[in-house]
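The structure that follows is given in the form of structure tokens.
Naming follows writing order (A, B, C and D), and every chain is counted from residue 1.
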């Protein structure tokens, strides 16, 4: 790290900082410019040491050189990690699509949706049993009953199950039914929850927090991996900005950046990313073109009856068209979504 | 709510929307302009119904008229709620100050800090036993051992205890020791946790999320109140913006806005709000001038040895000066911080 | 528009508002709910009237129903506008690429770049003669001398010229040389400049402001169109958010949204959008997949010698690869970049 | 500056970077860590050189150590600059208040407002003659006619005039009438305009851009000072964030930060900062408590008839109360607003 001293720092202060750095085991390089004294410190460092040096009298600021994540970094592992979820692999040439309703509402709704998305070519089924809702008066999900319905849908369609866990107490229960945990945006820094799913061996879909930097997102992944679970798939789902035309601002450059910084696969959620079904197909195509390793999309047979997120849910026929469109884009970048390319021209 | 139809919505679509609104029990007013048809819908509405109407064909968007929180709103209760924490009251003429270290690090550190902040006039002691840290490799707190030290510090100094709870499983344990729960910014939408502290009768300090709107913050309070616990104090601690000179952007207009929209008391955290101890006193004074019902400030006897947040922690002598300064500002707006105004001129 | 009255608004206040609305020529619909009185007002309205009603005693807020832009809206014109710049058309099946250096630095640098981007398939040449720089000590551009070099490059390569104008006084001079004005992000709300380029007939590339909403961006286009110049091409170039890994956050959903709200073509600038050349190709592909009607990309023969924006400039060979890659994506969405699809497999 | 090399940078690349740095005249310190090579470079540097080094192969990123502004920095000048506007001084113990309507609408409106704000204790008169409006269909100001009315109001009341200039062509005309130029938020990076007001000797009120960092804001001031005009007063007027309850987010920590980083006085605009008159007094008090060197506030005799910004304009009687309230807060921090403290208790 680099320690920048204040303009008025005395020689005593500088020596005191150097002494502390050496006590912490750093190699120290002093560099006195005309306007600033800067101290380079090489060695193993922890967040504690950084803050302690930063709080030492005479220090203006600390500039870390290395990123704080290790196991999630590309330096730790060069080739893309492949995460296998019920036989579906994220991180290879194939670009899997997770589809299904925002929430499991009923047996009929779920089974109908599962059949429809399966028919359209989806690879995994999503559906929330525990719903984190902004309002305490909103539908909070069917809980374990919902998990059972998901398992039934898997039984029937063969689609593996991706579902959210929000409470550390439910990790075991959800693990019994799901093929992949989803950690939602609001829980990206629920470190208790991250650690607990990290103690299982089940794949984790880790959504980016609403105002999380890419760096913080990779640190959240580091929590899971360092607890023992390397099967992490990241999910860009939009960040919060000043723009109100879309529900969030889908940051597709995060896909490109994650591929530069990390070995973890990263998928895109154009449903939450835009909040409007009309914008979903366009952003799904853009996500795949940017190099996304998968998509997660909300589909509902009758969005106008959905108990949550109807406005951003695709009708099954629109989803089917989207699948064909994203497959064509995937093939243009050397990958594929559908096993069989569709013949139709989508222009 | 107001339903805005798309420019091309057909008469059939409009009739269908009106029918659904009536089925939901709304009183309906149709208003056809030259360019848009707008439907006013009066009645009790839930988030589900709003989204279902929004997802109906032909609907462009929904504009809710009423805010979604009820129990937290000023319309529910006009006078300011007073929250009593171990004899210290938030929401009256007095402006209490919560002070102490970011984390409980050791018996010596905590007791020393407690004595110092007490001597400077603080009214409650803060200190984290369970620390939500961005990095899994950082000090995670002393857990229950930390709670015991906090209780010992209360024993000695008489200061009530404010401490964070991050795991629903720890709510009971924390409740045994603390006088007030703190819900941190990263957990503002950890709805499980909100509901569980809502089932106790212990006061809750609810920090605003990093990218939470004031509306969402009040909805989080609604979770706690609707679960049965009306003893909520809000805490503005800075939001995330593009500015990097400060750790967060302390949004003091949130204090003014909360007083307009809600009956809950709201305090200010200038330590996290700025991230730099040099900026704390200025923003503490500004917070009190804006009408804050209290302050929460990080103090450490030796910030350069702190295991977290040293750069934003005040040294005890600076904290003492801050207390005098904020007391003078409080008196200028008809309130007070210190029981006895200090004689010294602070100009 | 919808006028929402305060909860405590008296009957007198309500009548006063209705009277004012009628005086302004609105048709008025009164709707008294249990908790709020809401007044619908139909008719032609101006920003003045909206604010005057909003400032009337008893009014809580105003909700406009119609978007404020007219000539830029899809309701004004359904089919996509085509803008012809020196024979290159934006808004059709072809996806033109504007390429060149950030700044015109010298005759050699510009001509070399022009030849290289032409050879790689670019359709128009960019290059700044007047540079808006954050620092007064940075290279400010060659001014008219730069414009002459651009004209010379056009002469030699046949590529039309796109260049920025920053000063209303220079509009005439720039118009003499350029085929298309560029209005930079920092000038998106320089209304004097917008009006002046609106009085010419030359095409305008209107970049989105760093923190401009899509709505404000379309209002800026409205300034140009309403002044008499309908030849406007919008350019998404990234917005300012909290993320620091990228220079800006490229908001590709803006492409999709503009196509929904407006008839104007919209292109994407992945160079400023990311700030790093490594991220440019990925985001260029994503932009085309999202439906962008063109691209603008910074290219420099030797980025390490560039007088501005070297870190985000592509080397010519990387640009050539990018052209092939985006062409393949364009063809997957029913469009094309290169006249002749390249045979090479880009996987 | 610090040059951080990529993990895979070769020795050749490192030597090439060192050679270039030495050619640029830097003193170079090489520091090879286990995971990264870092090169410290001491010497005079320009933005061009920084970017050229950053674009050199093998370089991952550049970390500048010194801030880019010189003349605006506290290191250039330690004591607070005092700016004298028609006898009113910003930057001393006195906290002047600039008040008046958003726009000059008519002779009657302006003179009436001038008399009222003068009676309430205001020190300077504001009023826009050239209005930058989001919509081309909104009232654009009375132009020179408005300037004449401002001069007449000064004649009658003795209040100096602060008014916005938006077009470089109008600088001379505005200078004839005004005592202080205002550069609006949308023009903070209109570098042509900055340079032109920098060539006059008239004081400049420089508003912070909607999404400008404090660093960029000081760079804008540097443009004015380096052009020859040191009479700059900064104005915090709110930044753009995701929050919608307020028009902007008034960043009062910017006041504290500017005082740490610069010698320039900084004032606060609570009218634009909040967008709602009800929030103005609270934020005005907070601004003064944070150390603001002045306030600028919109006042209109009849906000419901204002041609712009009525919802955020104070009625004269509210303004009068605000003046008393901010004076009391100013005195609590060792300063004053009114020459004579008012006797009334404002509690």
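Assume contacts are C-beta pairs under 8 Å (C-beta built on N, C-alpha and C of every residue); 3 or more make two chains touch, one makes a residue touch a chain.
The structure displayed is predicted, hence computed values, not measured ones.
Colleague: Report the chain whose CA-based centre is farthest from the CA-based centre of subunit B.
Modeller: Here the answer is chain C, farthest from subunit B.
Colleague: Name the chain pair with more contacting C-beta pairs, choosing from A-D and A-C.
Modeller: Counting C-beta pairs in contact for A-D and A-C gives the edge to A-C.
Colleague: So the centre of each chain is just the mean of its C-alpha atoms; given that, what is the distance between subunit A and subunit C in Å?
Modeller: Those two chain centres are 30 Å apart.
Colleague: Report, in whole Å, the distance between the mean C-alpha point of subunit B and the mean C-alpha point of subunit D.
Modeller: From the centre of subunit B to the centre of subunit D is 30 Å.
Colleague: What's the distance between the Cα centroids of subunit A and subunit D, rounded to whole Å?
Modeller: 39
Colleague: What residues in subunit B touch two or more of the other chains?
Modeller: 211, 240-242, 244 - these are the residues of subunit B that touch more than one other chain.
Colleague: Using the touch definition up top, name the residues of subunit A that touch subunit C in the complex.
Modeller: Spelled out, the residues of subunit A in touch with subunit C are 211, 213-215, 239, 241-246, 249-257, 259-261, 273-274, 278-279, 282-283, 285-291, 325, 328-329, 331-335, 345-347.
Colleague: In the complex formed with subunit B, which residues of subunit C make contact?
Modeller: Where subunit C meets subunit B, its residues are 2, 4, 7, 29, 31, 33-36, 38, 40, 42-43, 63, 65-66, 75, 240-242, 244.
Colleague: So in the complex, the part of subunit C that touches subunit D is made up of which residues?
Modeller: 20, 46-48, 51-57, 68, 132-139, 166-169, 186-187, 189-192, 195, 210-211, 216, 219, 222-223, 226-227, 240, 303-311, 313
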